[in-house]
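There are two complexes below, and they share chain A, which is joined by chain B in the first and by chain C in the second.
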Partner chain A sequence: MKPSDYWALVLVFALLAVAPALAGPFYTRLLATGILYGTAAVGFNVLFGYTGLLSFGHAMFWGAGAYTVAIGMVKMGLSFPASLALSLLVVGVIALVTGFLSLRHTRIYFAMLTLAFGQLLYAIALKWRSMTGADEGIYGVPRPLGDVVLYYYLILGVSLVVLLALLKILKSPLGLAFRSIRDNPFRAEVVGYPVNRLRLLSYTISGLATGVAGSLYAPLQTSVNPESLYWTFSAAIVFMAILGGSRVFIGPFIGGLLYVFIQDTAMGATEYWLLATGITLGALILLLPEGIVGYIWRRLGGRLE
Partner chain B sequence: MGGEVGRRDFLKIAGAGVLGLIVGAGVGYSIGSRGGGGGTETVTVTQTAGGQQASQQAAGGIPGKPLKIGYMYFMTGPFGTYGDMASKALEMAAEEVNNAGGILGRKVELISKDEADRERVVDNIIKMVQDEGAEILVGIDSSGDSLKLIDTIEKELQVPLIVTHAATPKLTECAKRKYIFRVSMYEEPIDVAAAILAAENYPDAAKVANIGPDYAYGWDSWAVFSSVLKELRPDIELLDPVYTKLGTTDYASYIDEFNRQKPDILFSSLWGGDAATFFKQAVQKGLFNNIKAYINPMLGATDTLKAIGDENVPQGGADIWGSGRYWFDYPPPSVYPVNKAFVDNFKSKYGEYPAYVSGTSYTALYAIKAAVERAYAEKGSWPDPDDFVKAMEDLVVAGPMGPVYVRGGDHQGMYEVYWGKLARGGGKYPHPILSDLKVFSPFKVFPEPLKTRVEC
Partner chain C sequence: MVDAGFLVAQLVNALFYSSILFMIASGLSLIFGITRILNLAHGAFYMLGAYIMYTVMTALPGGASAVLGILAAGALVALIGLLVEAGLLRRVYGKPEEVQLLLTFALILVLDDLAKMIWGPEYKSLTTLPWGSLAVGDYTIPVYHLVAIAVALASAVGLWLLFSRTTLGKKIRASASYPEVAEALGVDTRRMFMATFMLGSALAGASGALAGPVLTAYPGMGTEAIVLSFAIIVIGGMGSILGALAGALIVGFTRTVMAVVYPVLEVALIYIVMAIVLLVKPTGLFGGREVERR
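Entry: the complex of A and B
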């Protein structure tokens, strides 16, 4: 039987659903982080793998989501669902505005513009003390359901909904239109696709998915800091997608999970961690360009994007 | 301590003060802080001594395995010196305690994580407790990190954290934390003392300027210093504060502006490499000939003084004042054996003078020991975290910086604040030093528990 995107998703989430029974509180927490990183990376990959645009500013959606939930719950006294809804609104507006401005260009110019907008948001978080707490961030974000294990299941459930929605979109005619733009934007244009509008739609969907993951991260950590908006986290999201494999739907998700565990085990010191990241990324691109999941997928006879 | 005091007098006073404090601290502080709460238990230093006796008796209720203490500091990167100097002192304290039989017979085992691993500060703290078995936590350099750990410690882990460096008032003064303590000096008393120093020593000063780092620490330091100074000297003019990015390499334009404005007092909360860079450029541009006093609460850090170097200490010109959380020459080793032993051992073991973070982290380990022994004396078995917390409250521990009273009301360690004048090491010391120390009683410069001038 050839691997299918749906079955891979079901299998991975089934394993994640039983994991807390075996993992203990610390590793359950780590898995929760991995699930959120993975969901953010799949969101990123809607734009990168399926629409052919490399964003170097996805931390902006992650961080904006995290900050909005934190501000909603701590400063405005909103409930978690209301904060999450507000967060989707804020992330959506940010995506539409930055997307509208960045998508005048493609390739490296687009990547640079997204990087610039990401850093702009970072600078705002660092300066606007009354709203964002500046470098101290916002702390004391209440965690819905309190307990880490219960919250883990909330994260798992929301992530599954997000991933199923993304998969449904990517399997629909809209997803096919994204792919056609990725493969040949000129032909897509000639065929009659509104290329710019579709790119903006893909960018916004991508940003919203990453934003939801970030929104759930703030209550997990009980705090949010400007680092969540910093460009290095944008780079980490790119890394997760490539590590798992951008040519399989579930690839970046596994990439996010792997990233968290590599970070947790393989690193003693930051300098060596950066070195290790660099070497891993270089080796992957040279030896395993389709990523870890992509490689396995191909060996199992699955179709790569 | 207001007027000028000669060095000899100062030594005498300091010596008497230190001895007096040690004797009186436990009784005085604990009774004082519990004023009005009649009927509560009285706690004195003698109980700590009793605990020490108890530690010599082998007794039940004590786990056989070593006591794991997890610490987190910046171990790598631009702030790696902090972790290096703090962990050296912790290792030394652990070795001393273990050589003397451990804590109630349990050997101390230190485990650590790197705070420079920015994304994972919270995860790594949890890992040390839940996965690696740390029973007590120590450390934290960054104020932001200390704040984001509050809920993790208080709600999730419920394990004691003894903070030894992060200095934001918000950690201990915005709400009473249960499991979080801080044995190191925090920003506010140092800045309050700075304002008193400025008002008393420069009664004619008309204009005050500020240059500080552009983030919470820099903003809060100026807010505290300037507001206290304004209370003491309502007529003084506060110039618009200047804030610069961390890691600024060229301060020329700011220094030119100060040279033009000629403030009488320049307050600066620049720290680390930035403090040294600014200082050297200010010397080159003759700033210290145009002002009366330069006051920097972070100048008393040995790495900063090393970076400034003896040759850059101006002779004549403005008074240059520095402070910190601990200065290795105070209380004078000649009259205070705890500091003498600490400095001598540190120097012979590592070949350098201890930094202020060394003094505070060393104190943390002895505070843990004292609290465990105190709790044991009451209960007769190894304390659980709640017993430990109770024993930490209103504890007095003799640290290298003098007796530290861990105030029950806010879990903040109280000890004397010093301000000293920058002077050349002159061959006796490998770097510039602080001399002519002015020492402020904690009662004079610490706000009441849970009160702060900083917005919570």
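Entry: the complex of A and C
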């Protein structure tokens, strides 16, 4: 049987649903982080893998989501659902504005621009002490449902909804339009697609998905700090997508889970875990440029994007 | 009435900071313009330059060791550049951008940690700068800053001469624009790429060496510098030395002025300026036809 996007999603989430029964609280929390990283990376991949635009600024959506939920719950006293809604609004506006400006270019220039706008948000978070707590960030974000395991299931549920919605979009005519732009923007324009508007739409959908993941991350950590907006986290999101495989829908999700565990293993093994992570990731990208899931997918006879 | 001495001191500060930025950004822009690789680890090269300077200056105090430190940083970082180019990047010329970017990103993680291993995690600063200072009113201007500005100016002139007046410069440019023709005419394009990468890396190393004693050396200083270089390149225009100079001056002055006037916007304003330039002239102030539309 050839692998399909839906069945892969169902299988992975079924495994994740039983995982807390086997893992202790520490690994449950790590898995929850992995699920959110993975969801953020799938969101990133809507723009990268399906629309052909490499963003190096997705930490801005992740971080903006995390900060807005933290500010909403801690500073404004809003409930979690209200904070989440506010965070979607904020992320959406940020995506529309930065997308409008960054999409004046494509390819490497686009990557640099998104990176620079991410740094703009980072600079704001670092300086706006009364709102963001500056370099210390915001502490004491309440965790909905309290318990880590219960919150894990909330994360799992929301992530599943986000991923199903993205898959639905990508399989729709809109998704086909994105692919057409990715494969040949000139042809897409000649055929009559409003290329720039569709790119902005893809950018916004992509940012919102990553923003939801970031929004759920702040209550998991019960805190948020400027690192969540720093450009190296944007690079990490790109890494997750490529690590898992950007040409399979579920690839970046698995990439996010793997990234968390590579990092955790390296941290446990050596004081110089960045060095170990860097060498591992560098080697993987040279040896398996299609990603781990991409490789397995192809071996199983699945269709790559 | 603002004190004239204060203004002169701030002017020198802004020029010093712009000089550092120009040297990093021009190296980055040069390497990208020729090899088409956007080296994210370029900032880490700058950091290594700062550490090498620190080591040389603590080992041999005095004015001569500062000169030695700058030269050593330039040379050693050029050598590291050579190793990185020949050992790593040569494999990914012409590969997709994300592979190139992620490989150089992985290199940052490695170099940052190597620096931590060799020099430790704490900030490295020097208590006194060599060469003393000049008094202007109630303010003092370190001679060191003036030397740094002179070095940056010399690099700008040197780069301009190299690319407009020498055969080597023409060969390098030909290797980027018309590789097949250049090869047919007997230019070893591989060696030209290597030379470019070493030159750009040397600029980053020397820039770090100049910055280190003033701005202190620490792991992660490179990831900050690289993003400012991006802003500079976007403002000035990709691949243009003049653009890098203009961009560095704009960023250097914006930051120095805002640090005094309204520090909350010190960094943010740089990106706002960038966004405005982008709206008015998408190719940057001195950018040519080079920018791809799609």
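Everything below uses one rule, namely that the second predicted complex is superposed on the first by the 290 of 305 C-alpha atoms of A that agree within 3 Å, B and C clash if a C-alpha of one lies under 4 Å from a C-alpha of the other, contacts with A are read in each partner's own complex, and residues count from 1 in each chain.
Simple rule for what comes next: a residue touches a chain if its C-beta (ideal position, glycine included) is under 8 Å from a C-beta of that chain, and two chains touch if they have at least 3 such contacts.
Not measured: the values here are computed from a predicted model.
Student: After the match on chain A, would you call chain B and chain C a fit or a clash?
Tutor: clash
Student: Contacts for A:33 in the overlay, against chain B (first) and chain C (second): which applies, first, second, both or neither?
Tutor: Touch status of A:33: first partner only.
Student: Of the two partner chains, chain B (first) and chain C (second), which one does A:75 touch, if any: first, second, both, or neither?
Tutor: neither
Student: Does the superposition put A:105 against chain B (first), chain C (second), both, or neither?
Tutor: Touch partner of A:105: chain C, not chain B.
Student: Applying the document's definition of touch, where does A:233 land relative to chain B and chain C: first, second, both, or neither?
Tutor: first
Student: Now for A:197: first (chain B), second (chain C), both, or neither, which partner does it touch?
Tutor: Neither: A:197 stays clear of chain B and chain C.
Student: Tell me which partner touches more residues of chain A in the superposed arrangement, chain B or chain C.
Tutor: Result: the larger residue contact count on chain A belongs to C.
Student: Is A:134 touching anything from chain B or chain C once the two structures are fitted on A? First, second, both or neither.
Tutor: first
Student: Name the stretch of chain B, from among 3-11, 39-47, 57-65 or 75-83, that runs into chain C once the two structures are superposed.
Tutor: After superposing on chain A, the stretch of chain B hitting chain C is 75-83.
Student: Would you mind listing the overlap between the chain B footprint and the chain C footprint on chain A?
Tutor: 126, 273
Student: Mind pulling up the chain C residues that touch chain A in the complex?
Tutor: Listed in rising order, the residues of chain C that touch chain A are 32, 38, 40, 88, 91-92, 95-99, 101-103, 105-110, 112-114, 116-117, 223, 227, 230-231, 233-234, 238, 263-268, 271-272, 274-275, 278-279, 282, 291-294.
Student: Using the touch definition up top, name the residues of chain B that touch chain A in the complex.
Tutor: Against chain A, the touching part of chain B is residues 75-77, 114, 116-120, 122-123, 126-127, 130-131, 143-144, 147-148, 150-152, 155-156, 168, 170, 215-216, 219.
Student: Enumerate the contact residues on chain A facing chain B in the complex.
Tutor: The touching residues are 24-27, 29-30, 33, 126, 129, 134-137, 139-141, 146, 148, 221-223, 225, 227, 233, 236, 263-264, 267-271, 273.
Student: In their shared complex, at which residues does chain A touch chain C?
Tutor: 48, 54, 56, 101, 104-109, 111-113, 115-117, 119-120, 123-124, 126-128, 185-186, 230-232, 235, 238-239, 242, 246, 272-275, 277-279, 281-282, 285-286, 289
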